[in-house]
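In the two complexes that follow, subunit A is the common piece, with subunit B as its partner first and subunit C second.
On to the complex of A and B.
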């Protein structure tokens, strides 16, 4: 067993590795990350995860629900550290896995992967407490500077393979494909949505339906539930240009921690950023890690006086121009673990259950399947239907099938820490 | 969040309660609201609620005979937040941020839905619709009686809302209550620290003497510029970050802005 495997085993047990080993690990990680572009290309299948925030035991729960590395291909969208009590164990484990299985795990940077933020929100204090000096914090911050800013997922399937242990009796209607599915941590399907297969632009109409419970998960708040969504954002687009999605009818998926930037109108512009630095207070790099979608038109300034908000039209346009079908991001706490907005053009994924050990929220991870129809290696009539009629050639970009696995916080007794009950005190 | 603020278990689902000398004290702690109730609250309030909104939580004190009662809940507290943007704060690096954007702003000038996003409130509780009102008094809560180590029959700590101010500090409204054989004390504390800008503390204390039916409500507001506090501490301490996270310790050094006392006596 190599030192690295031993370190992984140790960290999985929530035990820290010696400082000298952390230094070596961070050095190796930097060597690896420096070779990655600002936007990493990742092939589906992949499981996309949001904020972790040092909740180590919940990260273990995530791996239990989503599968272990390297069996499952993971993409973590940042905010590994701060707030939880085990930022070190969480981040170092992810880093070990990255060094051990570089092609099976992708880490991108969140706004908390920064010197300034970690000194305020706990990671710095944790390093001092657990290692007795700031050395480990410094090593980790140097790694932060090398983390990619985003990722592009290619080759995702528009249709989900049905889950084997689905408890639902209703089968998909003819000519419909499974678009989204929500599973609980026991692997039981709690919700599914279907959409019509694309035939021609004239009859690829509203044929999706929801089953149990009947609500449209893609409906943005404030919008009337509108389950019809057979066309992708930017329907009618020729999907030209950067070619990233050209081979698949499913558009590519951009993953970033925060969101879009008014300075960035194409994915290629992200590639031009000089990322190897502390997260700046301004500029495109800052925006990608900090901005939020909101129910507005166009761009807006956050009432806080710094930071951008962007509306559905911005997302639609950005996706259209870049041949994307979906932006996946993290950064904001959502009670349900995930939240689709803007007709499914963007999704927030949140992977820290019972955030800060007191919010009581569930967490989610997003699985994107592999598009087997493109290669034609899997005999399946679906996806070939339209093609055989030669009609799909309009290159419409279809969003990928999305499977959300929702999970709860790890049981208290696995934490090795006392359950948090308020202790009576003689406050005044 | 690496603050020293309340850590309460979301497993506590049922309302906790105790009845003593004709007073019923109850608390409820549930997870943060889901998307749909948040939508509804946003609509009713006219502002977006804080990131962590415990909309189902409350602390209530009810006098069983006198049709008198007071409770503390997130909605009513948030309804008192300035919704116009007139008392809007700006994060520390706002100037720098906006300056750097002047050339590249691409015409983005509009501030989306301005309001007091620090969620500052001077909420002092919600009285029952027909409850007798408090009257101003010069009487204070008898601190000495509360310092006695009487047995605590009931204790709870309930967060009503919390927001990380997009990683620029913290804002939090939470309640603590302890019930002793002869009296109770409820403290509802609003604590806001906008890093490098402002620290604000607003405490509402409710004291009930079970024997006499006397109820005293005290509201104390304190605040100070962040930098002044930091300088005050810099001379004597080296654990400034921890100090700045601790409202109890900050309370001792923040200058007073306002103090109000009210009381009423409930009949048997």
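On to the complex of A and C.
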């Protein structure tokens, strides 16, 4: 068993690893993350997760419900730390898994993965308390600077394979396909929605479902940017019939912690950011990590004091211009664990149940299935893949089938009471 | 009595001297301003007021050798007419909850109806104050058109109820209520009695019901903690009950005794009781500390040591409730009064003045910033001011800040190297056509806005951006 596997085992048991090992881990993680682009490409199937906030036992529940790494391919949309009691255990475990199975888990940056925020919302205090110095906090913050800013999910299926053990599901009507499904933590279907199968004879993208040679990811950017009617960043579709690439009619899914930015009108612009720094107080990088969708038109000031509010028109336009079918983001507590807005153009996924021990919310993860036709089977790339500049997307882009697994906070009975730690200086 | 220590109390206005009232306004605009605040008259007055109230809650040695305690249900505490008026005010505010039931529509966390509650309170504030305070007190003014006593009191009154805009409540709002009561004291609104007599009526008769009302608001409208350290803070919302509650369980004193710094009242519950739900349930009926812990049990699910590790560790202190009380005072000074995000919204007028306290030490040099929250090294103490002055307030400890060169803690009073520039980078990022719908209630506290933005934050849209969300700590 390697040191890394031992560390994973130890962290899974909610026991911290020595400072020297944290240092080594963070060094390895940085070497790995520096190779990733600002926008990581991820193939479906993938399970998308929202905020964790140091709720380690609930993270274990998430793995129980969603499957373990590396069996399940995971994408975590940031906010691993702060607020909870186990930010260190949670983040270090995810980081170990990233180093051990780099192609099976993707971590992107949340607004809490920042020096300034962690000194206010608890992670700094936790590091001091658990390690006795700020060293580990510093190592972790250096890793934060290298985390990708977003991810593009490719090759997701528009249709879900119905869950078999479903008591509730009614037989789908003819010519309809399963679009969304909500499952509880016991795997029982609690809700399903169907949509009409779109089978227009002129639908070239439907026809192209059977042709899907893996795209050469080393293709020169210029080639990928070839004019096209249906292509889009991330989807890899050129749709020009030359056979070089094809994909399902399902558009790509952009995953980002917060949301959109008035300074970012294309996914490519995200790729141009120099991300290896502390999260700035303003600008595109800040907005991606801080913004929230809201029932407004256009852009609005955020009550958070960073990022913006953006309305449905902004999402629709952004998705259209970029050939996206969906923006998946986290960043806001939703009592039901997930919340779709703007005709399904954006979804909030929240993965911290009973947030802060008191919110009484359930958590969710979002599973996107693999297109059965085999479209979009591209390997993970380092972000230079799928460049396209201002390509107008085919407006027939269909959103992917979405399976939400909803779960509650982990039982607490197994957690024993620890010894009291020395108190703060005020009381000495 | 004559040989006892001089108990410092908040000074009251001399009615024979013309007093100039000032419409309170914010003065703490940047983190550096906190060090100026710590040398202001307002700071010394707030600390004096807190210590005066704190001192009054220590059990009293009675001549017959017994001890008089000041439990929440004590018959020995006499409520003055003014205290009863304030109780009536609080119950009127509670009644407004019935008028504005929580919204049942879709929501994230905080309930949008709380915004309406704050609006109702604001619209009735003048009437409520007139019903509660004598006209000759409220109408005190320096000229026909200038600010009145009511102007100043109303500012602190309205800041006491959490933010209707952000749907949160924190220690800054609590501070505003303490200032509201301190303002009434300064205006001679409370009757003169023996040492501590009126003060303990204020703590048990007004501050405790205030805290109960705030808890009701928090539960009714799901108010979120304003800017918290997550589990690593003392409490999501409150601080005062931990100060006054630990005083209730500290050793008994005479009026002449120094305030004890360790030991406990005979038969006081063990501090470790906070981790035991049954003990908490029993003690919360009589004690402010346990009533605050009891509220945590009401709203949180999970092991106590996990969601409240700070209180859990404090519960292991062996040196008694006096030790805990002293620590709480130090911590309040450092974690509430010295924290930019908390005090930045505190408005300064004539009752709590931004003017420099002539006895204050020179402002802490911004060069000495290696660690520790920015805390004024002098605490006015009931008892021996000179001794207190020589005792430095706590500095670093577990609150040590990241080292130089890294980003400064936003709540620190001092700007450090490496703070991301707050100067706008020149890019036009805020769409200029945005409507400024913002009307920030004068609430103090609250996680803050971006320092670069000139406008106050906007009010969230209709459905409320009301979840338990993170605010940018660098914002003002």
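We adopt the following convention: the second predicted complex is superposed on the first by the 340 of 428 C-alpha atoms of A that agree within 3 Å, B and C clash if a C-alpha of one lies under 4 Å from a C-alpha of the other, contacts with A are read in each partner's own complex, and residues count from 1 in each chain.
We adopt the following convention: a contact is a pair of C-beta atoms (placed from the backbone, for glycine too) under 8 Å apart; a residue touches a chain by one contact, two chains touch by 3 or more.
Here the structure is a predicted model, which is why all the values come from computation and not from measurement.
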After superposition on the shared chain, which partner residues are touched by A:67: those of subunit B (first), subunit C (second), both, or neither?
-> neither
Tell me which of subunit B and subunit C touches more residues of subunit A.
-> C
Does subunit B (first) or subunit C (second) touch A:354, or do both, or does neither?
-> both
If you stack the two complexes on chain A, which partner ends up touching A:427: first (subunit B), second (subunit C), both, or neither?
-> both
With the two complexes superposed on chain A, say which partner A:83 touches: subunit B (first), subunit C (second), both, or neither.
-> both
Could you tell me if A:102 is touching subunit B, subunit C, both of them or neither one (first, second, both, neither)?
-> neither
Scan A:303 for contacts with subunit B and subunit C and give back first, second, both or neither.
-> both
Both partners, subunit B and subunit C, contact subunit A at residues 82-83, 111-112, 117, 119-122, 125, 262-263, 281-283, 290, 294, 296, 298-306, 309, 332-335, 354-359, 361, 420-422, 424-428
Subunit C partner contacts - residues on subunit A that touch it in the complex | 53-54, 82-85, 111-112, 115-117, 119-122, 124-126, 128-129, 134, 137-138, 141, 262-263, 278, 280-283, 290, 292, 294-296, 298-306, 309, 331-335, 354-359, 361, 409, 412, 415, 417-418, 420-428
Using the touch definition up top, name the residues of subunit A that touch subunit B in the complex.
-> 82-83, 111-112, 117, 119-122, 125, 221-222, 262-263, 281-283, 290, 294, 296, 298-309, 332-336, 339, 354-361, 419-422, 424-428
In the complex, subunit B residues that touch subunit A | 1-2, 6-11, 30-36, 38-39, 51-52, 85, 88-91, 93-94, 96-98, 100-101, 104-106, 108-115, 117, 143, 146-147, 149, 152, 155-157, 159, 165-168, 176, 178, 185, 187, 195, 241
Contact residues on subunit C for subunit A in the complex?
-> 107-109, 165-166, 222, 225, 227-233, 236, 275, 299-303, 305-307, 309-310, 312-317, 323-324, 326-328, 330-331, 334, 341, 394-403, 406-411, 420-422, 424-425, 427, 429-431, 434, 447-450, 452-453, 455, 457-463, 465, 467-476
